[in-house]
Amino acid sequence: MKVNNPYLQDLTQGIVKENPTFRLLLGMCPLLGVTAYIVNGLGMGLAATAVLIASNLVISMLRNFIPPQVRIPCFIVIIATFVTIIEMVLQAFQPVLYEALGVFVPLIVVNCIILGRAEAFASKKPVLRSLSDGIGMGIGFTLGLVILATVREIIGQGTIFGPDPESAIHLFGANYEPMALFAQPAGAFIALGLLLGMVNVIFKRFNI
Amino acid sequence: MKMDKKMVVSSSPHIRTTESVQSVMTDVLIALFPVALMAVLLFGYKALVTMAISIATTMLVEALWLRKRDVFSDGSAAVTGLLFAMVLPPAPPWWLVVVGAASAIIIGKQVFGGIGYNIFNPALVGRAIVVMSWGGHLVGRIWSAPQPFIFGADISAVTTATPLAGHEEALAVSLTQLFIGNTAGCLGETSALALLIGGIWLFYKGHIDWRIPGGYIGTVFVMGILFGGGFYDNHLLTGLFYVMAGGVMLGAIFMATDMVTSPITHKGKLIFGIGCGLITMLIRIWGTMPEGVTFAILIMNAITPIIDRFTVPQQFGGG
Amino acid sequence: MSNTVFKGGVHPDYHKEMTDSMAVTEMKVPERVIIPLQQHIGAPCEPLEAIVVGVPVKKGQKIGESSGFVSAPIHASISGIVTAIGPYSHPLGRPVQAITIESDGEDLWDDQVKPAGELEKLKPEEIRKIVREAGIVGLGGATFPAHVKLSPPADKKIDIVIINGAECEPYLTADHRVMLEKPEEIVFGLKVMIKALGAEKGVIGIEDNKDDAIRVMEQIISEEENISVIRLHTKYPQGAEKMLIQVATGRKVPAGGLPLDIGVVNHNVGTAVAITNALREGKPLIERVLTVTGAGVNRPANLLVRVGTLVSEVLESCGGLKDTTQKLIIGGPMMGLAQPSPDVPVIKGTSGILALTDQDVYLAESSPCIRCAKCVDACPVQLLPTAIAQAAEHELFKQAEKLHAADCFECGCCSYVCPSKILLTQWIRIAKAEIIKAKKR
Amino acid sequence: MLILYAIATLGLIGLLFGLFLAIVARVFTVETDPRVEAVKEVLPNVNCGACGYAGCVNFAEAVVHGETASNGCIPGGKDTAKAVAEVLGQEVTEHTPLVATLFCIGDYGKTADRFIYEGIEDCAVAGDFNGGFKACSYGCLGLGNCVRACPFEVIRIGLHGLPVIDREKCSGCGLCAKACPRLLIKILPLSDDGHLVFCSSQDRGKTVSKACKVGCIACKACVKVCPQEAIVMEDNLAVIDLAKCNDCGECVLKCPANTIHKRSAIPSEGAALAAIAEEVVSETA
Amino acid sequence: MEKLLSIIFIYILVDNFVFQRFFGICPFLGVSRKMETAIGMSMAVVFVMTLATLATWLIYTFVLVPFNLSYLQIVTFILVIASLVQLVEIILRKISPTLYQGLGIFLPLITTNCAVMAVVLLAVRQEFSLLESVIFALAASLGFSMALVIMAGIRERQELAKIPAALKGSAVTLITAGILSLAFLGFKGMLTL
């Protein structure tokens, strides 16, 4: 199947073919750090997506004004500004999530995906394409976070939509003894490693 | 002279030992036999069930992963299975044994390319995974006490806590008990006697080198004397206690000496043994965990490539 | 007197009982010999000008020579007529120029062959010349020209001469029989070497599984002041130059160096006998003792064989090969060379002909290294064979060089002990070849 | 007031760093050509080295600096050449597709082995060992150095012990030809489906006929019969000049050893390939 | 003094930045392939992390806090780090070309190394004093280096292994890191601040 629409292409590229999590292996730190629960993973993904879209837009708009020699510091300042905004928003409206994500919220600023897209895409392409690239990459990253978080939460906690007791759904009843390993850092590494292997097998199978 | 038959031509040497990977693994299994026997004598038939589940799982998982019919194949899976059972309590839930044994083979071994390529001791990877997942089943005071049906007279003297859990527990166990093994602990770790017999067999067959167990046990002994808290009047006995209680003997003789995951150089083996001893005692004395053998050996496994890299021996007449 | 042992080494099944009680018998003179022009380390020989197809030659007549210093002349081993000069298959693998002589049935000595005179009256240079002219090379298998080892550079003082009677290779008993049957010649040869080198003492090293040979030698030297016999621990590769020297003298040959760097020269017992024959009777090296053995041989034996005899004929004189023979080896089982066919001539360095049957021949897939480090324990040079082999397999020859691959002398201990049946020695050989290639560039 | 502070502080810090970095950037910039990156993007990026450069980046640099032609990337073929030329604004130069051809058909049934080789499976190593286990000292040993050298995985050892090259997918990069210690693989234009002498033995006819059933015995029958005079003898080997060959097939009929074939008719090539390749796949899977 | 020693011990072994906190995973995966590069990167990280913490602590304490501008920390810190890396690069090139050869190629990678950003943020958030902050940065970077070097050793060995194709590269590296993380859990809770 060949997609001729460049916007659609940019969009799907980030989700499947150049998925930042499973293909480009970018943004690993928050991916491992916040995926003990699906809710946290989703929150992180959306926050990063917001920054990604905003920074892609602004950088694409300013691409002809930024002198190439100092482009990286400029990108960083732009990204940092949006990250600060997101941090303030989260702190104000989602204090629980903000606490759960901890230092990984400010660390969005050094997320390689965002700077990478700014450098490789937004600084070269027109605004609308940068927008669809940002959305695609953002969805791809969020997808990665959610998939890993789902695996980890189901096996490691036996729930989905925890840790808030009100929203948490216990999948296997009260007698289930969760494999706590997956709630821990070590489990995050192992789960992601195995997941990557599986994705590689699937991608190879379907020749992507 | 006319020759019709085609000769085999190869590079020298033209003769080989009869030893093979399979025979080495069989020797390890033989060495583990006294340990397993002691476990059954001490903990009853449940120990046998645990071992059987573990071995069956490892062999089956390996055969499935490699798509092989020959379940025993080179025997390394059976060794991993038995060793994994040795580091479990006498009667853990069956699903815990299955998950742990399967993890040992998959995450501990096959992911790295199978036999010869694993970085970490598979049995200990399995143990670390179950300890971190279901710690409640593995540490603490809920272990079933040994039910020795040959050492019947000693039942009353046995506590249900592992001797390393604290000073009071330690003092409740005599060194003779630790030597014979009628105390609480993992299946394979309680009987120093059985472990020694297995170790001597492996040493006699040339499969282990004195440096790793020697370095390990020696370091634990010395550290025990120096920092062990001296709960015996004789400090040498305190050192001995640290050697015989818990998993040091099992670790030093069967786990740390795992060929694939330990250094190949002589100097490296000694460093490896001493490193294991240091980390074990660091965790035992200053850590929050009662036992550190698993972690110590895993950490040293990780450093093995570095050790090998920096301990290349001086060649004959070199330097 | 038992000495310290060297580090490493292995204890294979020795199988020496097959031939060690059999006295050396002389094989009948062959109808035809094919004498390769290279039977030694160093420059190959050229046929002499007079040697062309059709000319008659006598036994002991020089037929090939090279102007190079590290070389040894070649002599006719039977009397007869030269019938061909051209390439012929050679035990070392590649065809080599060879002179074919058809026997005239008379087996007459060349008139050049005559005694050299009293040892007391000969000067070291004269001894060296005699040894060179007799075409004597190391008979232990390395075939290094003997006169070169008797000509140390002026700045190197040699004080000890070692006679190597270890014969650590399994199966082989040729040296053992020579020691039993020609002890006096060995000691005389040793004295010649001591004189040629101006050395102080001689040592004869024999492995302790050859007790009778030790007793015979000890008796012979009981009158000699500066010659002693050393009882060596039986372990392969005890007969390797560096190991033997370390055990016999306590000195270590430096890596990449030669024994003469530490004042030692080392010769095989067969070489000593050849030197004695050259001095006393003027005989050049045209025959040698070799062991024909192995489960594939119908009548194992120790034979005195003319250089240039075809291996197939030697085997025939031993009753031929059994049908179960799978592998034919020139030399011992640890360092010998497997032959595709018995259609190769015996050369000066041929210490044995070994026929292994399908029961001894190991045909198995190698499995991944389990890092048991048995090769590390077995390596007499203290290398890490498995690490070098792995580097070679992945073409990391720089790394192999850092692991001192070049110091390996290919004794085969590592391959012997490997439970995974990895071809360690062959990989290391590849690494060595690549390292030398890289150096030349 | 607070906002003022914020703007002032950040502005000041930004200004300071900005100024500083601007100066630094001007002093220390290394000029890079964006076209190099663009060229690299359209290359296959397998870093096979068939172009003669260490990797795709190096090739891209060379193309941009005009050191090599835009069609230098052999594996990329026509499409890549076109894309590279587009990036550089050059005209597309025509590129003939190349394919690797093995000049030996002496497989298991046709060439005897002198002995059973037991050792490292590498053609160079085995070939050095007593002159190689094959009766013919020029023939293919089939231990797969070419297979391992191929970055595109289009060579496999067939069931009869000789490598099978997938003509459709072969890019003609030539790495297999370099890897073959006996120099049995030649890179030829794909389009010429002429006749070739599938033998590389330079031994005399007597030796060849002893060693191999399908070796060129240098009988010159083909030289005599060829109406185009396209066949000459070189080093005991018949060589067909593809430029002169008109595919009449006379030589195939005359050749007593069955050494000459139409390229598409022999197992390691052409039509039969698909079947064999499948066989191999099912065998190894 | 005791606190300083605790910080060192904790952030190297107990609360290792890579194994337990997930900071700097990208460079950890990226430059752990070869021992030489791992050591080069380690040295660069130790150098930059310590220096960056020193600089940001000073700016934070003496500029941002007095003016009530702590919400500007992200922007300021990232700017400081980026500039610092550039500065180090230039100075190094001038002063010690040999060291630059060794470290130079790793310096740009550090700007986006979240371990650096994390260390400066955490130093401020945990309200460390200047000395404590610097020691903290040193310990954290040494912990990062240790992880990197151990991993490089393992990966050099894995280069020679027959790892299943799908797991080659990052997947097996992550699993290895997971087991390492497990192993270092042995030190858990050994010291607290």
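By letter and in written order, the chains are A, B, C, D and E; residue numbering begins at 1 in each of them.
Note that in this section a contact is a pair of C-beta atoms (placed from the backbone, for glycine too) under 8 Å apart; a residue touches a chain by one contact, two chains touch by 3 or more.
Given the structure is predicted, the values throughout are model-derived calculations rather than measurements.
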Out of curiosity, which chains are bumping into both subunit B and subunit E? A, C, D
If I average the CA coordinates per chain, which chain comes out farthest from subunit A? C
Between the pairs A-E and C-E, the one where more C-beta pairs touch: A-E
Most remote chain relative to subunit E, going by C-alpha centroids? C
Starting from the mean Cα coordinates of subunit B and subunit C, work out the distance between those two points in Å. 48
Per the C-alpha means, the centres of subunit D and subunit E lie apart by a whole-Å value of 45
Inter-centroid spacing, subunit B versus subunit A (mean Cα positions, whole Å): 42
Mark out which residues of subunit E touch at least two other chains, giving numbers and ranges. 72, 75, 79, 82-83, 162, 164, 167, 172, 175-176, 178-179, 182, 185
Which residues of subunit A are in contact with two or more other chains? 73, 77, 181, 184, 186-187, 190, 193-194, 197
Which positions in subunit C touch two or more other chains at once? 339-341, 363, 368, 423, 426
Could you list, by residue number, the parts of subunit A that touch subunit E in their complex? 25-30, 32-33, 72-73, 76-77, 80-81, 83-84, 87-88, 103, 106-107, 109-112, 115, 181, 184-194, 196-198, 200-201, 204
Help me check something: in the complex, which residues belonging to subunit B touch subunit A? 99, 107, 111, 129, 132-135
In the complex, go through subunit E and note every residue touching subunit A. 19-26, 29, 71-75, 78-79, 82-83, 111-114, 116-118, 121-122, 125, 164-167, 170-179, 181-182, 185
As the complex stands, subunit D meets subunit B at residues 113-120, 129-130, 133
What does subunit B use to touch subunit E in their complex? 107-108, 110-114, 116-117, 119-120, 125, 128-129, 132, 279, 282-283, 286-289, 292, 294-296, 298-299, 301-306, 309
